[in-house]
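The chains carry the letters A, B and C, assigned in the order they are written, with residues numbered from 1 in each.
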Amino acid sequence: MEAYLIIFQRFGKLLLSGIYLTVLITLCAIIIGLMLGFTLSVLKLYGNKPLKFISTAYIELVRGTPIIVQLFIIYYGLSSTGLVRFTPMQAAIIGMGLNSAAYQAEYFRAAFLAIPTGQTEAALSLGMTRAKVIFFVLLPQIFRIVIPSWTNELIALTQYSSLAMILTIMELTSVAKYIGSKTFFYTQSFAIAGLIYLTFSFFLTRLMMFFEKKLAIPGISVTKMRM
Amino acid sequence: MQIFDFSVFSNVGGILYILKGAWYTLLLTFLSIGIGFLVGSLFAFCEVYLPSPFSFPFRAIGEILRGIPLLVFFLLLYFGLRLDMFTSAILGLGLRSAAYQAQIFRSSLEAINPGQLYAALSIGMTKFQVFREILLPQTIRIMIPGWSNEFITVLKDTSIAFVLGFSDLMTRADLISRSVGRYFEIYIFIALVYFLLVRLSTFALNRVYERIRIPGLGEKR
Amino acid sequence: MKEVLRIVDLHKSYQKVEVLKGVNFNINEGETKVIIGPSGGGKSTLLYCINMLVKPDSGSVILDGVDITKERGIYEARQKIGFVFQHFNLLLHLTAIDNVRIGPIRVKKVPKSEATEIAKDALKVVGISENLWNHYPAQLSGGQQQRIAIARAIAMNPRVILFDEPTSALDVELIGEVLNAMKNLALKGMTMLVVTHEIGFALDMAEEILFLESGIILEKGPPRKILENPKSERLQKFLSRLNKEKEGF
């Protein structure tokens, strides 16, 4: 239908900038989530009592509350207390990053637990310190085990980045709504946005399968996880 | 400016108004999960048991529903198809949940050892009996952990219906905090309410699981 | 002959159950000692306590005169104690030669070229041919994996190697190659403490057999003597049960 042509003609650039922001938010958030999440899982598994408690509490609280509420606390909430005032982008990235960290922590923890305990025993009996065991023995294996769940998390983040619209960020979904409001071709613009998100999912899934094959080591099996 | 102003909570009327939103949140959750269950199981069935050319559209729809953000789906239904707020919310959450539940059903169905089915057939059971006596009871138990997860996810995702103006916890919190001008306290408050709801649901689901559990069947947690 | 390892009054309980009730023995340089006994008697626990993978409740493990249960520096001590596990425990993400090399490189900080030479020698001692060096554990048989595990222990140049039922997890036809590798090692002068059911190995190679039952060393002595003239009734029962299994009951 010509509706699509019109949308692309008039708003092509806007769509691209929307995609750009979506990708930006997603990437920043997943990286924050990766670093914090991994640390949390190590603390939860190998830390002393207080550390275990803190990491478990964080994971439970963040996974037990909706992401919108978390975003609002960071954006509207904190600024109303006058402590810090984040820009919408900052709030979005921090919020999604902190949220992703809790989920990634559980994925990493499952990966750690999937490694047979004999591996750690053998490494320790060679005289390795705990740090060395994690770095030289567990990490290389975790890296492969965690690929499917991590990719799922990345895909999920891509979708949840749409919530940034509520913080007034002009990412893809926001752009689609704007286009709809200007042209009244709501269905078509959202369909386009949806298609773009779908393409991301598809692409990322294929990417994951590629890496799984490339990095595979016979004997290390990958855990398939649902979110 | 204070960091945490407890006086916000002295506005009992407002607080109660927010809490009543929990009822709508739960209502939305149950309705959506219900739709998801019915549609999802149907889809899973078709995907697994229909021969190739026919099973494809079911798989495709599932992938599409899982591949687009919930928010986009809501907006599509509300602005695009011009459905009313309530319908958009239920349909949006419901169909999306259907897609995920179909996944869960499907992998549970596939997890059942086919050897049992052959055994059942060879003692003379009809396909329908095999389904009712073996597939169904086992699938239900294998499915519980994944399904419980989905329930919690839907419960939390109801907050996204806020953009449609649905009168749930989230929307009401937004309303009250705007009128009071204090956001931090209110949102921390509903975060705790949601957390409580999630905890209670998990607890309840675990109780059900314990009741119907069969040792040796089902996923290791 | 220098004393390498001395175990003094070792006690260990799990929950309320006391598994080791005061174990005493020693091993001198170059000796091979074999521990036999019924399951649950504490044999594995004993070995795990020696390299402190499990912390004993009381008692001492004295390695080359140093009580490693009291001092810090367990990581250095473990470098001197080799351990061969029942289930091999090769590092799954590394090839055979990497498995043998990783100890020297990462723990002893030996330069890679030197570590590679050490690894190659160790692999030759246990009879793993060069064409297998770049295989991953999952691609190798149990016997091959276990021999590589032994090479891994050798490569660290330990004072003593502990073997926890090294052949129990192997298919029957693979047991021989592992026992041969162990015999080879003993003949080269390695100090070895072996927990096993393979009485034949004990007869061939052990200076002494220790019978561990219900948490203490009930009887010990040279293989021939112990096996032909068991003094305690429990040892007699244990040996007769072993014989019955061998006769294929």
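In the analysis below, a residue touches a chain if its C-beta (ideal position, glycine included) is under 8 Å from a C-beta of that chain, and two chains touch if they have at least 3 such contacts.
Quick caveat: nothing in here was measured; it's all calculated off a predicted structure.
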Mind naming the chain pair that shares the most C-beta pairs in contact? A-B
What's the chain with its C-alpha centre farthest out from chain A? C
Between chain B and chain C, tell me the centre distance in angstrom, where each centre is the average of that chain's C-alpha atoms. 54
Taking each chain's mean CA coordinate, chain A and chain C are separated, in whole Å, by 46
From the mean C-alpha coordinate of chain A to that of chain B, what's the distance rounded to whole Å? 20
Could you pull out which chain C residues touch chain A in their complex? 51, 53, 75-79, 81-83, 85, 87-93, 102-103, 106-108, 136-139, 149, 152, 156
Which residues of chain B touch chain A in their complex? 1-4, 63-64, 66-73, 75-76, 79-81, 103-104, 146, 149, 153, 156-160, 162-163, 170, 173-174, 177, 181-184, 187-188, 190-191, 194-195, 198-199
Residue ranges of chain A touching chain B (in the complex, touch as defined): 61, 64-70, 72-73, 76-83, 158-163, 165-166, 173, 176-177, 180, 186-188, 190-191, 193-194, 197-198, 201-202, 226-227
Taking the touch rule as given, give the residues of chain A at its contact with chain C in the complex, in rising order. 116, 118-119, 121-129, 132, 136-137, 140-141, 144, 217-220
